[in-house]
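Report on one structure; see the data block that follows.
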Amino acid sequence: MQFLSDNAARVHPRVWAAMQAADASDTPYDTDRLSRSLDEAFKALFGRDCAALWVGTGTSANCLAIATMVEPHGGVVCHREAHIESDEGGAPGFFLHGAKLLLADGYGAKLTVSGIEAVLGGITRGVHQVQAHAIALTQASEYGLVYGPAELVAIGALAREHKLGLHVDGARFANAVAHLGCTPAEAAGPVDTLAFGFTKNGAMDADAIVLFDPAKADLARWRRKRAGHLHSKGRFLAAQILALLEGDLWLDLARHANAAAAEIAGAAGDRLRFAPQANELFVRLDPDERAALRAQGFAFYDWDEATIRLVTSWDTREEHATTLARAIVAL
Amino acid sequence: MQFLSDNAARVHPRVWAAMQAADASDTPYDTDRLSRSLDEAFKALFGRDCAALWVGTGTSANCLAIATMVEPHGGVVCHREAHIESDEGGAPGFFLHGAKLLLADGYGAKLTVSGIEAVLGGITRGVHQVQAHAIALTQASEYGLVYGPAELVAIGALAREHKLGLHVDGARFANAVAHLGCTPAEAAGPVDTLAFGFTKNGAMDADAIVLFDPAKADLARWRRKRAGHLHSKGRFLAAQILALLEGDLWLDLARHANAAAAEIAGAAGDRLRFAPQANELFVRLDPDERAALRAQGFAFYDWDEATIRLVTSWDTREEHATTLARAIVAL
Amino acid sequence: MQFLSDNAARVHPRVWAAMQAADASDTPYDTDRLSRSLDEAFKALFGRDCAALWVGTGTSANCLAIATMVEPHGGVVCHREAHIESDEGGAPGFFLHGAKLLLADGYGAKLTVSGIEAVLGGITRGVHQVQAHAIALTQASEYGLVYGPAELVAIGALAREHKLGLHVDGARFANAVAHLGCTPAEAAGPVDTLAFGFTKNGAMDADAIVLFDPAKADLARWRRKRAGHLHSKGRFLAAQILALLEGDLWLDLARHANAAAAEIAGAAGDRLRFAPQANELFVRLDPDERAALRAQGFAFYDWDEATIRLVTSWDTREEHATTLARAIVAL
Amino acid sequence: MQFLSDNAARVHPRVWAAMQAADASDTPYDTDRLSRSLDEAFKALFGRDCAALWVGTGTSANCLAIATMVEPHGGVVCHREAHIESDEGGAPGFFLHGAKLLLADGYGAKLTVSGIEAVLGGITRGVHQVQAHAIALTQASEYGLVYGPAELVAIGALAREHKLGLHVDGARFANAVAHLGCTPAEAAGPVDTLAFGFTKNGAMDADAIVLFDPAKADLARWRRKRAGHLHSKGRFLAAQILALLEGDLWLDLARHANAAAAEIAGAAGDRLRFAPQANELFVRLDPDERAALRAQGFAFYDWDEATIRLVTSWDTREEHATTLARAIVAL
């Protein structure tokens, strides 16, 4: 019973079917019919003009998107515990040619207007300091917390005021939308670039870079090729994304994952470190308790000395969630 | 009837089967059972110690491999028409942090000892010039020509003499091995790193970086993650590669592609610009002749004003090759 | 009466004389007689093997030195308030090709063994996190505090244990040596690379990169040229450094600066935020007090809302220090 | 009798005097009175709006200027024998984060419209190739040849047509102006950025980056600091430049150097490989002839097997030039 990671989940049958349907000869790279249809698919989803590119990993999606807004001598305001700061192996330093991550504080790995302002307010010494060029937040956050539309509007206004780009790392954007019950456009807020994750939510290896200023799309295309991320058989990546967009499958899958998390969260109660909103739970368990759960066949990561992380996914079986919920109650 | 690119070919059924067999929950990134078995698979294939990593594109395979040998202030001797020079969108400049490609001449996009020596001999002004750190050749070359084992040994000896690393871009390594009829080890020569291509030869999106100094493997692993090339469901890439290695499927597929090319080459005769060795043919055709072929349903790229490029692949149908051969004869 | 910065100080007469003596035709770049004598001069000073290169700025000295030890995918442990983190305009990101600064805590901008261990202990997730390649400390620190030899030995042992390089930013190394009353070798500790500052201490624009592993010197030379820091008339930079080394002029000048700071510190008493050790003082003054001092002709920078920074230098006139001391007492 | 390099020349007495006059306490970096006056000085010289920054080396001047126009994924069209390609130790790769130099042909290391068009015309494959972002030429060229105003206008028109920036490497711009007898503005042509060299022409270590789009000046300032090229006592660099601009001293010095070269050129006659225009001569001499000259005390570099390079400078003594002219005639 696997609660390690949504990266460990399977590929959805409709994604398999779409990939196989794409297995006819077509032109290489992103010149095929499916890749060329991505822009329209995301325009329809967000109800506004945009361009969309596939990539094979979330790290490249984030970094290529941010690189459209941040010059090498600039900086990106992000949370101290953001994935780009802590878990991408220094990829922003590589893709942004040494631009600096400027770290802000905030509860639950969420940025706040005041936290961002504290960072910006400390940049006063001209060329001796790195200047912010963009803000990057994670929707849902690294602790599974979700920004509401009003929070995004406020951060967006701050970004505009300071002429900063706004990027959303949406590795679990689907889970955020599912939680909020709003439109994708509302859940993204006044964003410039979005890394829309599909790999954790039923795809094999396909995430989308969505650029709400389509004039920036060519920049992302140059950089994608230059970073070795232009797959030669790109039709298979486009097929994965299109299959998940079709009939809002992506949203159904995220709702399933969130529901599984919610069931476990109900059992965890006061053990939860953060409100259960998306598909990640951080649960206080002592070593004996962890051992007890593992002895019953549950797999999960230790987060820190006091806490474990549980992640549900589109393919978490309901009986596994129920069994885990009961096991936690029984501890 | 498609002769545009081996990138336009389909995915082999045994690759599909292997990917689907991998679609059970396993640990993410490259910690799964399949990814962890790659080293052994390539040790068996090459009969010598090595480490192997999957990546999703040939460009990243080349650049990550070369980055294990070339520092940012160094240079890479390659052919003036090498893929890394002409067709990777400046990726070496990105992955190598501005290291320089040092361009050598040679017939058919093949490096020669004298061509390399001419480059090295021109580097005489100390810190004012970029120094070579490695040599990179393409097996088979951009014009479909193959290095014989003796040529590789000579270039390898030169590399050792000058303390340079030796990289082989093996996007079509399988076709070279098939042509030579030797072992993979002989076809790679005294190489340090090999980008072993599978995507053009039956895979969906999987190439291998083979490091014959396994001590360098960690370096490639750090850089792969940093470049956003560590897929979170890496088991699907490993599965593709293992399926093609199984029973030397990769070699059978390359032989098929080469045979199709040979049949067409036989018809093209003196129109060929280069000896037909692998699966690419460069055929002199005037505009009317090109139009005539296209009118019969053949798809191919113009190479230059006088020449077209024809590429066969593992899934080129025999009747297509035969039909094209006849059509060329009939021109 | 200027206490803004030791960068605002004049050039020492003996430095002028040495530069003018160098104004005869000689070979360009660093091939002249003076530049070639630097290695021996620093070997004599430190009593151990080393190589030394001039550069025109302290930022380039730090970054080029660290670049001999840190690969682009690595990291540098430094204090959260280190100059390389806060005041070099992102230069480490540029020179190190995106390598990451890993920030440690410690009183008075000084690293401690436990502070470094806390950073290293948090690096547990393999390729997903940036690994430390080196430690960089500042002697004297950004708050004018000095590492004693025992502290340096302890940090050096930690570096060796973790196979990390050790860099010392010695923009005010002279002031540290003057305070400690020990040898330069003891004040540098078991260091691999030292940026030995002269510009703040009587030179016009010359700092030295001292590499205690001379095998690394060529690496620094390649990178210096590549960064545009190989002056074409390098003899003038070498002349500045040699003039300051001659007869330990550098040490006399630092003693003078420290003495001026000590006199002011005696007057500041409990207003001091840190013990007075080198030539920087951080003094608590309210806005009225600052205005009062400025009205008397003293120039200095505000550090934060509660504190000003006073910097003395080799050319601080004794009567200026005395006058300032009295003015502070009189507040 | 030194004809090795204008980098080996002395510092002009008026430059010394200006530096010493600058040796009073002033604010650090480029906030001093002299540095702040550079913009106006160059506006007056060129009769058009511009901004100007000092740097300590010609390599940094070129690279920082070009970096205002070329993104990391772009390219710079330059001559195959341009200094930035051949003699700057790979600095463009560093400062431009891996952008590519796109090499054009042309007589005497001069770009031509047709040579540039040949490069641009070969860029046809979209993201698979590096796109040009700028053109860089050298005035005077690496072989001492000078672009006339009409040539510059034609290249400038081509640049505008293709939306490319235009940079002039003016390491010996003064010698070009002296040869042309036109205004500096005419000798620079419709340029965007100019690296105006002073170090080879009487300064110690000061060149100017002139940006004719002052809106780009901040970009150059951020990058200058980030590259460690913001000297802390910048007033000394500004003083050098201002002293040379004063009363057109720079032009007088260049005329002197050109005249010395012209005298020698008159003697060399058919031995010259290129027309004598600036202060560099390339003279065909066989080994015995070289030895004969060296035996008479002349110092110079061998250029290739058949040719030596002679460089005159502001401090070439007339009798040295005359003596050399006679010695060449006597060969």
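For clarity, chains are labelled A, B, C and D in written order, and residue numbers in each chain start from 1.
Here, a contact is a pair of C-beta atoms (placed from the backbone, for glycine too) under 8 Å apart; a residue touches a chain by one contact, two chains touch by 3 or more.
Computed from a prediction, not measured in an experiment: that's the story for all the values here.
Visitor: Of the pairs C-D, B-D or A-D, which has an interface that repeats that of B-C (more than half of the contact pairs shared)?
Guide: Repeat interface, by the over-half criterion: A-D.
Visitor: Where are there more C-beta contacts: A-C or A-B?
Guide: The greater number of contacts lies at A-B.
Visitor: State, to the nearest whole Å, the distance from the C-alpha centre of chain A to the C-alpha centre of chain D.
Guide: Once rounded, the distance between the two centres reads 49 Å.
Visitor: Rounded to a whole Å, what is the gap between the Cα centroids of chain A and chain B?
Guide: So the centre of chain A lies 33 Å away from the centre of chain B.
Visitor: How big is the gap, in whole Å, between where the Cα atoms of chain A centre and where those of chain C centre?
Guide: Chain centres of chain A and chain C, defined by C-alpha means, are spaced 42 Å apart.
Visitor: Which positions in chain A touch two or more other chains at once?
Guide: Residues 72-73, 88-90, 93-94, 97, 127-128, 222, 225-226, 230 of chain A touch two or more partner chains.
Visitor: Hey, which residues of chain D end up touching chain B in the complex?
Guide: 72-73, 75, 86-90, 92-94, 96-100, 125, 127-130
Visitor: Going by the contact rule set out above, which residues of chain A touch chain D in the complex?
Guide: That would be residues 72-73, 97, 127-128, 131, 219, 221-226, 230 of chain A.
Visitor: In their shared complex, at which residues does chain C touch chain D?
Guide: Contact set of chain C toward chain D: 2, 4-5, 7-11, 16, 19-20, 23-29, 55-61, 63-64, 88-91, 93-95, 199-200, 204-205, 222, 225-233, 236-237, 315.
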